[in-house]
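In the two assemblies presented below, chain A is common to both, partnered first by chain B and then by chain C.
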Partner chain A sequence: MFFLGVNIPDNKIVSIALTSIHGVGRQTGIRLCNQLLIHPQCRLKDLPEDKVTQLSTLLNGMTIETELKKQVADNIGKLVQIGAFKGLRHKAGLPANGGRTSTNAKTAKRMNRSRLSIDN
Partner chain B sequence: MRPTTVCLRSVWKGPFFVPLPAAPKDGSAVETMARASTILPSHVGRKFMVHNGKDFLPVLVSEQMVNHKLGEFAPTRKPFTFKKSDKKLR
Partner chain C sequence: MFIRRFASAAAPPAATASRTANAGKKSVASGAASKATTASVSEGTTSATSATTTTTTTTIKLPEWTPKFATKDKHNTLFALPQTAAAFAIKNSFLNSTQQLAKTRAKTLFRESTADAVLLRDSWLAFVHAANAELAAPESKNKLVLDARPGAGKSAFLNLAASHFRAFDYIVLHFQNIASWTSGLEPYARAPDSDLFTQSAFTAVVLKQIADVNASVLDKITVKGSYSFGNKPFSGTLSQLLAVGINNEKNAHKVLESFMNELLEFPENRPPVLFSFDQVNALYTNTAYFDEESKPIHANKLALLRPFIQLLTRPTVPKACILAATDQTTTQIKSPFLNHLISQKQQQQHKDASSSTSSSTTTTSASAENLSEFSSFGNALVSKEIAPAIYDPVTFMTDVHPVGVVVHTVPEFQVNEAYALVDGLKRAGKLQVSRVSDEFVQKAVMVTKGNARELLKYCV
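The block that comes next holds the complex of A and B.
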């Protein structure tokens, strides 16, 4: 089922299907379902239409998907712009939280530079 | 996703800062070794020379820098550069 993003996992339980949206995790999914009184074992394809519209309105009010990615990219861009140490580490693609660089820095080398832009 | 929480000091205590000397009239830089002091709104527009262990690095405070510490803008290590050595292998 197409939600605001490109969420199409129909056969899954609602709270778990919602986690495929960027910005919604396990806890937020469960909280949303409890708020709308959706049965914890209800599958996404069995949801009535009014519940689907209520879900959409709730999700529209949160920062998710591209808005969230932009927020993160802006925060990191601000650090780079003011010249802080963390900004320099993001630009160099190295660990920004004090990790060692002599060995192990695989995740940072792969991801830290791309966090500056929205498309990662 | 939670935003990155840099400050670890409890809010009710107020920010940690060091009483810095008054800004000189001609706008020249003030040398300081207080890297841990928070940048306050009254510091915006001033120039500081922050110690990094060896030299003093210039920092011009802008409005976006307000809740950071002075030491964040004076890196303490030289950036790593890979140098290929020209020794011939036997």
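The block that comes next holds the complex of A and C.
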């Protein structure tokens, strides 16, 4: 099933399946299901049409997927623009929160520079 | 000595008299008794006499239970539940999913093959005797609750009791697994006019079960009350009333309330009713459902369960008997309040039994509504912050407290009962045991402390 451009598996429980969307975690998924009174063991394929519509409406009102990535990229870009230390670290692709660089820092070296754009 | 004792266990009176309370009641030697019973008796006798040399490989068909077997001389005999008992099962919509099946099978192992076999025990006869007393009274004041360790046989007691009373053409409302009603498996919605939550589709399934089990009886009872569904007044039989709810899910809850009202307000119009609830603690706990603010919904807020909870709060029920059994294995439906109430009732009954003046079956009424009794024990009133594991908000919900609870304990299996059970299941081909001997059974009972489930697991 396609939700807002994301291919979500049909056989999964709804609250779990929603975590496939970038910006929706376990708790948010559960909260969304409770808000719409979707029973905890409901599978996505068994969701009635009206609930699907309501879910889409709710998700449209949230910041998810591309919008969320853009927001994060903008925040980091702002740090770079104002010349903040964190911005310099992002630009260099090094840990921005005080992590060690003598060893480890693999995630920062892989991710921090790419977070400047939304194409990751 | 053991061989001789077991030889007479399946055949009636002499050895049974020493074990049962009816020491003076030596019934007619049922060697000459009904030929219909010789099938099971002779099989039992044969099995007993060859106890030390169990080499038979042919399977024996268990006799199907009928009420005529509910006698002392048939105790320790294995029966098969009638085929009509299969109608008691209510399947959840999503129970066929692979995950659920795998979990169920992993837990039950051999239970699928032994589920329809039941051993007639003296304690069950006493339980049914108490139920008969309630049904005979114009208004029943007591709710008979079975309590014991997990695996003792509470559900088997209820299943057999339901089949037993159904054979008398009583109306039987037997619900085997109430926990599945509250486990989040069924769609739910908020009722438009109240703060309750409805499960329309599942309520229709429950109505169908009631209709299927009691079809022959409900067809003959005309509805006396005035009900309307969709602005259309209803008139017809109880079967037709249930059909309204089955065919149209939107009316299911209203039909259920009307049906219960019809049973309780017009008792002269119907035969006696048996209400039987397994996993009754699910009625007094939070369900797996949540409201819009992600707060857990209590069972009392489900429109499907509410009529049954209110039934248990009634001081008297006309021309009916209510049976219930607790379930201590499913942690999601753990109810500290109900456990506390049951232990309190057991102490009270023990006290009454030990005193010579009062009868053991009488109970002081309305104690469940008196919070001061709980405060003397203190556990149920402990605050959530101090002891969240035993805190139970139901303690303060006095409008849902059951009234007139009488606790029956399912006793552990004795050696002769265990032998009859294991040997009977082996001969019926339902349990794969290499050899059944006196020493083996005695050791099994000692190791498992007479718990039926552990006993069968030990034997596998």
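Definition applied: the second predicted complex is superposed on the first by the 120 of 120 C-alpha atoms of A that agree within 3 Å, B and C clash if a C-alpha of one lies under 4 Å from a C-alpha of the other, contacts with A are read in each partner's own complex, and residues count from 1 in each chain.
FYI, a residue touches a chain if its C-beta (ideal position, glycine included) is under 8 Å from a C-beta of that chain, and two chains touch if they have at least 3 such contacts.
Small disclaimer: the values here were computed from a predicted structure and weren't measured.
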Which of chain B and chain C A:72 touches, first, second, both or neither: first
First (chain B), second (chain C), both or neither touched by A:42: second
Touching partner for A:88 - first (chain B), second (chain C), both, neither: first
Contacts of A:30 with chain B and chain C, given as first, second, both or neither: second
Common ground on chain A, meaning residues reached by chain C in one complex and by chain B in the other: none
Chain A contact footprint on chain C (complex, rising order): 94, 97, 183-190, 197, 288-294
Chain A residues touching chain B - in the complex, by the definition given at the top: 23, 68, 72, 75, 78, 81-86, 88, 92, 101
Footprint of chain C on chain A - complex, ascending: 30-31, 34-35, 37, 39-43, 46
Chain B to chain A touching residues, read off their complex: 1, 3-4, 62, 64-65, 68, 72-73, 75, 79-80
